[in-house]
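Look for chain A in each of the two complexes below; its partner is chain B in the first and chain C in the second.
Then we have the complex of A and B:
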C-alpha cells in the first residue's frame, strides 16, 4: 500500500505549484506595470482638486497632495504638496509635517493658471483688466468670466500670429534671401511685420491681479497665461472636458520650459517620420531577401547558413548597430558626402552628424531580420499545391511567384513590417549615437525646398522619456509628463503588436487548414 | 543579406584591429578601461538571468504542460507582449519609480522574495484540504490566473507588516544593519534593481523559446509516461525535460545574449558607476551603457573612440557566438523531434 502510494501520489507536489506561481507572478508584474503607467500617465491631465492648508504656525499653503512619508527623524509623517508659484516661492514643492496641519479645506474660489513662464500658479484671482488704473476690487464672478473671455480671445490672437508667421513671413524671408532687392517683397514684409506687431500689442494689454493663498499679490500679464480653471468649483462634466483638452494639448503642442511642461507633438512627428522612412527602406530589402531565400535559392547548406546569420542579426545588441551606424553612415558616408557636396559649410557638418536619414538607415538594418523571418514564415506556409498548380497550368516561375505566391504572402509581409515598426519605435539606444535632438526647433518637414530634410536632427518619443527623466532640471515636476509620454509610446507599440498578432492569426486561419506535405 | 552581418563585424574589426596590432592601444590601457565595464556587464547579466530563468522556465513548464489549450493561447501572447515593452519605459520605471520605492521599503521588498514562494506553497497546501468541488473550480490548470489575486494580497500584507518586522529584527533600519553587520553599502540604483528590470525584459523571450521547445516534444512520449502511471510532474522531469533540454539551453543562451546587450535599462536603472564589487546593492557600468554615454563625445580615431569600438566588437562577438550556438542547438533539436515523433 505504501509502495503504491509513493508511486501514485495524489497531487503533483510543490514544484508544479511554483511553476504555476511564476505564471501568476509574471502576470502580476505585467499588470502592475501597465496599471502604474496607465494611471499615472492619465491622471496627469485631470484637474485635481486643490486644498488650502492651514498650519499651526499660521502659514497658509494651497496645492495638491502628492505623497506621504514617515519623517526622517522623530515621530509622525510628512506630506509633499505641489504648490506651484515658482516666481513667489522659488520652488514648487512643500513638505509639510502632517501633525502641524490645523485645517484642510477646498475653497471654491481657488484658481489654477497654466503659464508660459514659472509653471503653474495656484491661488486666488482678485481682478482682471488694467488693474493699475482702477485699483478697486471687482466682483469675483465678473473677474473670472472676464478672464475666460480674455483667454479665449488671446488664443485666437495667438493662432492668428502663428498663421502669419507660417504663411506670410517665412515665405517672404525666403524670397528675400534669394533676391535681396525685390521691392514689393520688402514692402509686403514690412506690412506683415507691422501686423504682427499690432497683434502683439493687442495681446499685451491686460494683466490679472492674483493673490496666493497666504495673501501675497502678483501682477500677471495675461498673454503669458495659457489655461485657467477653478478645480474645486468644476462639475464632473467640466472636469472631463478639461481633461480631454489637456490630453489634446499634450498631443498637439510642443514642449516648454526645458521639456518639463507642454506637449510632445514634435516627438510624435519625428518618431512617425523616422519609422515611415525606415519601413520604406526595410520592406523591399526584407521581402526580396526572404523571397530569394525561400523561393529562388537552392535549399542547401549555404541557405541554411544564411538563415542562421539572419537570426543572429536579430540577436546582436541594438547599441552595436548604433556604433555601426555612427562609424559607417555618419562618419564614413556622411563625412564623404560633406566633402563632395557641402564643402563650403565644412567645419560644421551637414550629413556628417547624426540625422534623420542615418537613424532610419540604422534602424532599417536593425529590423531587417524581423521582416525577413516573418515573410519567410509566411512563404513557407503557402501549400506547395498552389505553386505546383500554377506551374502545371503553364505559368513561368516568375508568374507563379508574382501572381500566386506573393499575393498570398502579403499578410505575412505586413505582419513583419508592423513588428519591425513596433521594434523600431521603441528602440532608443542606437538613436543616442546616430541622431536625435533634445529639442529640435524645426521639424524635419517644412515648406522649404527640398521639403524633407534628411540631414536634420529630430525628436523621438523614447529619447524624450530618457532625456526628460534623467537630464531635466526638476525631475520630480517632469515625472507626470514622462509617465504620459511613456503611456503614449507603450500604447502605440502595443497597438502595432496587436495588429500584427491579429494579422498572423488571420493568415494562419486562412492557410492553416491545408497540411504541408 | 549575409553581407549585412559580415559588414558589421568587418567594420568593427577593421577599425579596431590596426590599432590593436600597430600598438596604438596598449594592453594595460585596454585592461584598465574595459575590465570594470566587462565586470559590470557580466554582473548585470547574472542578476538579470538569476531573476528571469526561474520565472521564465516555471512559466514555460506550467503553460506547456498544465494549462488547457484555450487558456494557453490567451496567456502566451500576453506574456510575449511583455517583450514588446520598450527598454526606455522599463528603465524609466525601474530607475525613477522602483529604485526609490525599494530604497524606502527595503525590508518589505526583500521579504517579498521569501514570502511569495512560501505563499504559493501555502496555497498548494490549502488546496489539498479543499473539498473536491472547490478543487475542481480552482484547478491547477488555471492556477496561473487565480494565484494572481492571492499573490497581490500577500504582497500588500507583506508591505503592510514589514515595518514591524524590520523594527523587531533590525532595529527599524535594515540599511544601517546591512552596513554595520555585513559591510554592504546600499546605492539607490543597484544591481538588484537592474536585475529585476532586465529580468523582466529578458524573461518573455526566454519563456517563448523554452515554451516552444517544451510543447514541441512529441506528444506520444508524454502519453507513454502517463500511461505507465507517472504524474505530470514526473513525466516532465524524467521524460519531457531531458528531451527538450537543448531547446531550453538555447532559450537561456539567447536570453543571456539579450541581457548582455541591453542598453537603456542599464543606463537608466544602474548608477552607471564603474565599480567592481560583488554586492547586489551597488551599481555598475556595462559595456553597452558605456558606449551609449561616451561614444557620441569621443573624437573619431582617438584612443577613447577605439576603446569603445573594441567594447562594441567584444559585444558583437559574444552575442554572435552565443546566438550561433543557440541556433545550431535549436536546429539539431528540431531534427531530433522529427526523429522521435516519427512521421505523423
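Then we have the complex of A and C:
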C-alpha cells in the first residue's frame, strides 16, 4: 500500500493532517535536540580563530569570541571572550562591551597552548629553550617549529613512561608483594625505576617563554604543555586534523582538572560495562520468570495478580530501586560478604560499599519488568499450532518449549533487552547510591587477577554530565563538555541498541514468527 | 478388556466393525469444556488402513473428537471427559500410558500448515531427534523416505537446508505430513488439512491421503463434503456433539438412513 497515492475521503482529511502533524512535530523536536547537542558538543573541539581586541581604554585582550548578549542596563551589547591565562589573570572569561572595542584583528602569530595546569594559554610564543640558559629572542617561525618538535618528542617520552609503568613496574611490584625477598625482581625494579627517572629528567628541563597579548611574560615548562596550535595561521585541513585529534583525546583520555577538562574514556567504559553486565544479569532471570508465568504456572487469578504486579514494578521511580539496592545489596549482601571473606581488610569495605556489581544488579532489578513483559508477549504471540505441532510429534512439554517455543521467542526476548538497555543506560539516580564515582581513574577491567573488578566504583557518562554541569568551578567551560558528553551518551545508547537490534534481526530471520500470507 | 454392553452401538444407523479390525474403539465418549458439553456418548470404531471422515456443521464437535484421539485436550485444564478411547485395545487414558508415546503413535496434521522455523530437513527430522539414537545415515534415509511418502521429495531434494517457510502453503502442508510420517505413526489425524489451500494443492493432498492408507490408518475431519466423498472409505456424521450416522461413504452420501443426515448432505441445513 502506498500511502502517498491514496486519496483520503473528505472526512478523514483533518485527522490525517493532525496525525501527520504530530509525527512531524515529534521528529522536528527530536532532530532539533540532536542537532543542538551535536553542534554544541562537537564545536567545542574546533580550533576556533583567536581575536586580538583593543579597547578604548588601551587594554589589549586576546581570546575566542563565544557569544553576544544585550547589555543589562543601557544600550549596546556585550560579548563574552574566552581568554585563557588563568595563571596571569585569575579568570578566563571576559565580558567586553562591544561599543568599547576599538580594533579587532586576527594576528597569525597568536598561539593557543593546552596545559596540564592552569588550562589554556592564549598569546605569543617568544622563545623555546633550556631552563638554565635564559631564552633569548629568536625568530618566531623557528621557535614555533622547535616547540612542535619538542611536544612530539615529549609525547613519545610520556607514552614510553606509561608503557614502563604498565608492563614492567606494576607486574614487578605485584611479584614483590607476593615474595618480598626475590632478589632479581628487586634489581629489575631498581633498574626500571632508574629508567623512569631518566625519562622524567629528559622530559623536564625545557621551557617556553610566552607573552600574553598585553605584554606580560611567563616561563612555561614544556612537559606541562599537552598541545599547541596557531588557529589563525592554520589551513582548513590542519584545523580538521586538530579537531579530530581533540575529539579523539576526549574519547580516549581520562578527565583532568576536576572533570572540567580532558576526556571521558573511563566514563564510556564504565557505562558500557555496567550496561552489558546488567543485560547479562537481567536476561536469564527475566526470561525464566516469563517462561514460568506463561508456560508453566497454572493460569488463573494468582498468575494475573503476579502479572499486574510485575507491570506495576516498571513504574516504580528509579531512585526507589537505588535505595533498595543500597539497603539490600550494598549493606546487606555486601556487608555480609565482607564479614565472611574480606574480614582482614575491615573496617575498609570491599563489597560493602557501592560498586560495579551492585549497580548492575540494581539496574537489572529495575529493568526486570521490561524483559518479563516483552518475553511474555513474545511467548503469547507464538501460534498455538506450533506448540501443538511439536506435541503431536511426541514431544514433551519441555521439549516443545526448548526446541520450538523458546527459539521462536528469542526476538521478543531481545526486544526486552533493547528496552532494558535503553532504560538502564540513561539511568543515573539509582547509581548515585550504589556505586558511581565522580572520579575513578582505574577502570574496572585490567590485567590484574581476577581482571574484572566487580567491587570497584566506576564512572558513568550520565553522572559525569551531572557532575560536570553542576559541581564544576567554571560553568562556562563546563557547558560545551556537558553537550559533548550528552552527545556521547546518546551515541553509546544508540550503539548498544543497534547491537541488540542487529542480533534481533538475525534471530528473527532464523526463528521468527512466520508472517501470515 | 470388556466393556459394558450399553456402549455397544445403539442404533442401526451406526456401522459396527469387529474389534480385531479396529484401530480406534471409542466407547461412550463424552467431553466438556468447563462443564459445557461438547461431545455426548460417542461410540464408534475406526477400521485399520482405511480413511475415515468426520463431517458435520461448524461446532458439531468433529475437531474436538479428533483431538480427543491423541489427548491434545490434556493441555487445556478446563476439559473433562468420560468414557473410553481404545487404541489397539488399550485405553489411551490409562495411567500407565505415556502421552508423548501415544502422540508419536497417533500423528496429527492441522488446518494451517505449521512447519517449524527450521530447515526442511530439520522439520522432518524433528520427531526423530526427539527419539534420539539414530545415526546420521539412518536419519538421512528416513527423512528421504518420509519426503517421498509425502510426495514432496522431487520438489525439495535440492534445497533440504532451505527454510521450511520458503515453501508454498501446499508444500508446507505436505512437509508437515512428511514430518508426521517420519516417526512411523499407526494413525494420522487430519484436521481440515486442505481448507487453507488452493484447489491444486488440495488435489495433491487428497491424492496423498488415498495413497497413504496402505501404510496407516487415516482419520479426516473436513467441512467439504465432496472431499469426504472423494477420499474416505467411511464417513461419520456428527451434529450437536452427537454421532448421528456412521456408514460406508458411498452409502452415507447416496442412501443415508436418517432424515437429519440427508438434510445436511443435500444442503437443506446449514
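Just so it is clear, the second predicted complex is superposed on the first by the 456 of 517 C-alpha atoms of A that agree within 3 Å, B and C clash if a C-alpha of one lies under 4 Å from a C-alpha of the other, contacts with A are read in each partner's own complex, and residues count from 1 in each chain.
Just so it is clear, a contact is a pair of C-beta atoms (placed from the backbone, for glycine too) under 8 Å apart; a residue touches a chain by one contact, two chains touch by 3 or more.
Since this is a predicted model, take the numbers as computed values, not measurements.
Participant: Scan A:395 for contacts with chain B and chain C and give back first, second, both or neither.
Facilitator: In the superposed model, A:395 contacts chain C only, not chain B.
Participant: Taking the superposition on A as described, I'd like to know which of chain B and chain C A:494 touches: first, second, both or neither.
Facilitator: Once the two structures are laid over each other on A, A:494 reaches chain B alone.
Participant: Considering only touches as defined above, state whether A:46 meets chain B (first), chain C (second), both or neither.
Facilitator: Neither: A:46 stays clear of chain B and chain C.
Participant: Quick check for you: in the superposed arrangement, does A:407 touch first (chain B), second (chain C), both or neither?
Facilitator: The answer is second: A:407 touches chain C but not chain B.
Participant: Would you sort A:20 into first (chain B), second (chain C), both or neither based on which partner it touches?
Facilitator: After superposition on chain A, A:20 lies in contact with chain B alone.
Participant: Touch test for A:243: chain B only (first), chain C only (second), both, or neither?
Facilitator: neither
Participant: Between chain B and chain C, whom does A:69 touch in the aligned arrangement: first, second, both, or neither?
Facilitator: A:69: touches chain B, not chain C.
Participant: Can A:428 be said to touch chain B (first), chain C (second), both, or neither?
Facilitator: First partner only, chain B.
Participant: Looking only at chain A, is it chain B or chain C that touches more of its residues?
Facilitator: Counting contacted residues of chain A, the larger count belongs to B.
Participant: Starting from the residues of chain A touching chain B, keep only those that also touch chain C in the other complex, and list them.
Facilitator: none
Participant: Going by the contact rule set out above, which residues of chain C touch chain A in the complex?
Facilitator: Touching chain A: residues 70, 72, 75, 77, 100-101, 103-104, 107-108, 110-112, 114-117, 126-127, 130-131, 165, 169, 176, 179-180, 183 of chain C.
Participant: Mind listing the chain B positions that touch chain A in their complex?
Facilitator: Answer in residue numbers: 1-2, 4-5, 7-8, 11-12, 15, 54-59, 61-63, 66, 75, 77-79, 81-82, 84-93, 95-97, 104, 116-117, 120-121, 123-124, 128, 140, 143-145, 147-148, 150-152, 155, 200, 203, 207, 229, 231-233, 254, 257-258, 260-264, 267-268, 288, 291-292, 295-296, 300, 308-309, 312, 315-316, 319-320, 322-324, 327-328, 331.
Participant: Touching residues of chain A toward chain B in the complex: what are they?
Facilitator: Per the stated touch rule, the residues are 7-31, 33, 36-37, 69, 289, 292-293, 304-306, 308-313, 315-324, 326-328, 331, 354, 365, 368, 372, 422-423, 425-429, 432-433, 462-463, 465-466, 469-470, 475, 479, 482, 486, 489-490, 493-494, 497, 501.
Participant: Under the touch definition given earlier, write down the residues of chain A that touch chain C in their complex.
Facilitator: For this pair, the touching residues of chain A are 298-299, 383, 385-396, 399, 403-404, 407-408, 510-514, 517.
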